[in-house]
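Here's the structure we're looking at; comments come further down.
As written, the chain order gives the labels A, B, C and D, with residue 1 at the start of each chain.
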Amino acid sequence: MTTVDSATLLKIHDLMVKNRLLEERLITMFKQNQGFFWIGGPGEEAFNIPLGLQVKKGHGLDYDYLHLHYRSSGILMAMGMDPMDAIRQMKNSALDPHSGGRNFAGHFSMRKWNVAPITSPIEVQYLVAIGTAIAQRDHGGTGITIVNGGDAGTAEGDFASCLVWASRPKQELPMLIIVTNNEWGISTSAKTQHGEKHIADRGNAFGIKTQVINGNDVNESFAAIQEAMHYVRTQRKPFLLEAKVSRLYGHSSASGGMFNPNEEDPLPLLQKKLIAANLLSAEAIETLRAKYEEELRLLADQVKTEPQPDPHSIYDFTYWQQQGKYW
Amino acid sequence: MTTVDSATLLKIHDLMVKNRLLEERLITMFKQNQGFFWIGGPGEEAFNIPLGLQVKKGHGLDYDYLHLHYRSSGILMAMGMDPMDAIRQMKNSALDPHSGGRNFAGHFSMRKWNVAPITSPIEVQYLVAIGTAIAQRDHGGTGITIVNGGDAGTAEGDFASCLVWASRPKQELPMLIIVTNNEWGISTSAKTQHGEKHIADRGNAFGIKTQVINGNDVNESFAAIQEAMHYVRTQRKPFLLEAKVSRLYGHSSASGGMFNPNEEDPLPLLQKKLIAANLLSAEAIETLRAKYEEELRLLADQVKTEPQPDPHSIYDFTYWQQQGKYW
Amino acid sequence: MATIAQAIRMALHYGEENLQLAHVFGEDVGLPLGGVFTATQGLKTAWNSPLDERGIIGAAIGLAMAGKRCVAEIQFCDYIFNAIDLLKLAGNTCWSTNGDWNLPMTVMTPVGSGIRGSLYHSHSFDAMMTHIPGWKIVIPSNPKDTYGLLISCLKELNPTMFLMPKAMMYLGGDELIPGEPASGLKALIDKPVDKAAAENWQPQWPPELTDYSVEIGKGKIVREGTDITVVSYGRTLPLCAKAADQLSQEGIKAEVIDLRSLWPYDWELISKSILKTQCVLYVNEDTEVTNFGEHLIRRTVDEFFYNLSAPPKLLAGAFIPGVGLAHSLEMASVPQLNNIVEAIRSVIASKV
Amino acid sequence: MATIAQAIRMALHYGEENLQLAHVFGEDVGLPLGGVFTATQGLKTAWNSPLDERGIIGAAIGLAMAGKRCVAEIQFCDYIFNAIDLLKLAGNTCWSTNGDWNLPMTVMTPVGSGIRGSLYHSHSFDAMMTHIPGWKIVIPSNPKDTYGLLISCLKELNPTMFLMPKAMMYLGGDELIPGEPASGLKALIDKPVDKAAAENWQPQWPPELTDYSVEIGKGKIVREGTDITVVSYGRTLPLCAKAADQLSQEGIKAEVIDLRSLWPYDWELISKSILKTQCVLYVNEDTEVTNFGEHLIRRTVDEFFYNLSAPPKLLAGAFIPGVGLAHSLEMASVPQLNNIVEAIRSVIASKV
């Protein structure tokens, strides 16, 4: 297993802190009635940040396409998404570039970076991903399709469809298929629903390479993603990667948005290692945290002053570039 | 492996001949414009007859529930279905007890024997089967749920859903899950679509017992079904059985309903063995064939005289026991 | 006074004890949550299914075939659209077998806007569902009807669709449900929020619950009037009643009908009212193209064209792909009180 | 004269050569069959997908995202109902991203009765589809329009639904498609039935095909008349034309409009005609409750209530769970020529 160099580790840590504070800011906004609903990915940073850093970012077939779950802010943050825009979506500001105040928090869309719109319906992204992967199979190069989603969602037939389409003989798709397994679907424990030992085992029958990793470990995540991506980029075949992750603030604001001390938190885990390795001090961590907290608070204040969507805009973009009532 | 005793072998042979001739009669009826569409199971008799003979036939939870594919006439024939009724459905006679002239040939429904209506949409039976299996899990006893379908149809997510629901920890379902693999979906070769070595391998990840058999071999089929059924009846857990079968007359009348000499025919295979074992003579086989041919021809003639459905009946049974226009 | 969520729970409890209800299931329907709206809390037959709507509907059909009465929940109707084929299958099973099989089963699912649910927690399902033959479809707008309609669904021998207006789940009604204690219901049947108290909690079901039923297919006049007929259901129904109250102060007497059953529906009640008022406004919040209200308008002009003194009207949701999250967007996308008041005024103004 | 199946093939071939059409796919769409109606025979980009409608629609959305223009086929619309959520998703993608993404993709699927298709090869899809915002929906009734509408779909930047009336697939039209050879088309582009000849067969596409398009949203008057407006599409359209011809012998002058596009639809054309004839009959074969024709009736009474001299009518399929297989059942379940003639007569008789 490759080990991650110190500079990268520090960068990952920096982004993890920033991402965590963004999610906490969004939760605070919910609690302050600055948004109607929160859902997001605190607890998945040790996997999502290393993933985002390794995405081949850009527009078009030479770059990676992303079909993401609603807990994926860390991936986009690592790719360089402006946290202000996540806050805008939380506040349903008219300036929210992801949805113009139309969609829930965490439902990002960034066509410029091949980020397909994140949808509320569970698992459909595994079907849509087939299409970009077919295009990339035909196109060649090193761009791949990346799709992720939760453990409970794999019960939908769509997950199986993805495995079927990805592994057709001589038509294999260059697709990194990810399951972020937090062992919950809202209030339902995975233990009561999954006969599989590992969800990733479902790839075996299809001859799809698989791996199960501890997604709370930055080193393990980074290395596994690197290897899996290398395989998909060069072999142009699918890889099914299951990452065990935490769900630190419960399912969503609907379940309270409270910190859950029973879940393992990947952030202090990493921080202990960084301190032990003398890469960072407790004070430096506190300073970093304070810096981002302040930055994000200011952004949230600024967003408060932004306009809400114009009620007359409800018809806009039912069709491409269409504005106003169209019938 | 258990070997099948001579009496049973002869019984199976008798039913295989009868079933084959029924299907050939239905095809003839199509060609004579005595029906609009034919679809059925010639080529699957060496598997379907042994299956039908081992069904625990009856009504209610103590008996087996059947959720079948449209090639399953052999199963029902072995259970004792009147071939006349299959002919009635082919002719869309008003007296067709399966659908009253409403549904295609091969789309049987026999509530008295727990035979769920056979549907045209592929693979939904694997979902409906979950429900009867849950009821039987709760009920206990030895009744089980049997579901079958084709190879191509396993690409629908519904097949995966069946595996997921059947294998929930401590909630396993007493379900015999069958795939009859004829290596075709209409005109599409399985080779171009299946990354799996065996479809049955998909059960492994779920801890479901599996087996792949030559469904053209009566002995192998009978024994495998017996063992699988015994496991499901007594262990109250799912079993996934894949049977390689033939599609002797193409997909349906839409593809011409012509005999395909490239497919292995299980009937002469068995007959050769029976003759070699001195259990049957070529003449006796010919006599049997002629007898059933004549019987079925007469039935078909009789059905010709039956009334067609009354056009005023179109609203009947939209609801239970409702007759006539209801709104 | 019980809320709609509590009324559902009590009806299901009554069903478990008296109507052979054997399975209440769906995503998060069982312990610990008891449903995202607590509508299945404390029920002894409630269990959590895999996250798989197609499996849920399929299982419900199979349970019905096995003679096991069930209520299957789709967590939000927004997530039922991958199973329309299965709803059609349930609806055609009796017919396609020429009466061999019937499917006594109930699907329940929350519908409509009103909770800032954005695209996927605001959908309506009345238009698509009424286009599917073979079902009976109900939608209550108060707790007492909720109880009575759900009891009727549990007694019904055909597939029933029970739509729950999600914006009103926690609203109480004006009338006690037969057998409901006059006070203290919450303490008896709501799971405590306190974790420790919730641990071994058991509901104390009111012992006097009855099989009080609201007949499927029967609407109800909730405001009597002579100037205009207003037909609605679900979330928009109380808004129509409010609009009628408001307009009565201007001397406009609107008759408001709560349809309650969408299929079959109470055409007799509507007919009588239209013949009296000579004009009609249909109100619902589904998107307005190929909308169930348009069916009702078609039937209205089919039968009462020459009795109308104004064109029959539909007020429904804007024909756009979703309800936007922002307050401003939701308000502009689906009928609100002021839109209803305006629509009534405008129909009356157009009367000749 | 080309059939509808041939017109589809030629339009798709033109698209492959000139409009960046990169994938034509679905169940049995590629070799050896070229589609259950031969509509994709000989196309260089046609391929067979897994038997998975949800995968097919999902893949089409993804291909559109990747900038690859595709036509995805659902073998029969009867099998599209497990993917309604995905059609809704395609229809809301541009809107939900506030204009970030558009999805230039086409889904094509055969619809309607007329081939003794029983329950699952007789479905219509106009009612449900027109209830889904964000799509453009077309349905031709002759080969020339087929070609022109399909070319328009291939040029369109939004999701398009191309409905093919299956009963008419092999019927020829009255007009040549621009670029179509005056004769001998079959020999050029139909795969030979003979097995040996079919083996290495290559189509010889007419070289002069053009981008002849029929604008989406534009209907066509196929019979001019002053007594009644009859609006239809798909299988029932030629029956309406025939009914008009038949009735003209009785002196009844029916104006028949082929809607061609269901969304957006040509309201201007309908309006003008209704203002002229003062009455209207809408004809389609989908089941009649929450039917698209009811939308058109709603709009008619909304705008022309006082211009009508008879109630606007809908003639559609009976509200039953399927079309039964027997001839007697199919005839009684969906509109036939005699029903249309009767309906026209009855509207005219009711004119005041």
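Just so we're on the same page, a residue touches a chain if its C-beta (ideal position, glycine included) is under 8 Å from a C-beta of that chain, and two chains touch if they have at least 3 such contacts.
No experiment lies behind these values; they were computed from the predicted model shown.
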Report task. Averaging each chain's C-alpha atoms to get its centre, pick out the one most distant from chain D. Result -> A
Query - Between A-C and A-D, the pair joined by more C-beta contacts - result: A-D
Report summary line: Rounded to the nearest Å, the gap between Cα centres of chain B and chain D is 36
Query - Whole-Å gap separating chain A and chain D, where each centre is the average of the chain's CA atoms - result: 41
Query raised in the report: Of all residues in chain D, which are in touch with two or more distinct other chains?
Result: 50, 52, 54-55, 79, 82, 85-86, 95-96, 119, 133-134, 319-322
Query raised in the report: What positions in chain A touch 2 or more of the other chains?
Result: 99-100, 102-103, 119, 121, 155-158, 161, 164, 168, 192-193, 318, 327
Query raised in the report: Which chain D residues qualify as touching chain C in the complex?
Result: 54, 79, 81-86, 88, 91-92, 95-96, 119, 127-128, 130-131, 133-134, 263, 287, 289-295, 297-298, 301-302, 305, 310-314, 319-322
**Report entry** Touching residues (chain side chain C, partner chain A) in the complex
**Finding:** 27-28, 32-33, 36, 48, 50-55, 78-79, 82, 116-121, 318-322, 324-329, 331-333
Report task. Would you pull the chain A residues touching chain D in the complex into a rising list? Result -> 60-61, 65, 67, 96-100, 102-103, 107, 109-111, 116-117, 119, 121, 124, 126-136, 138, 145, 157-158, 161-162, 164-165, 168, 316-321, 326-327
Report summary line: As the complex stands, chain D meets chain A at residues 22-23, 50, 52, 54-55, 57-68, 70, 85-86, 89, 93-102, 133-134, 157-158, 264
Report summary line: Seen from chain B, its contact residues with chain D in the complex are 36-37, 92, 94, 99-104, 119-122, 152-153, 155-157, 185-188, 192-193, 254, 308-315, 318, 327
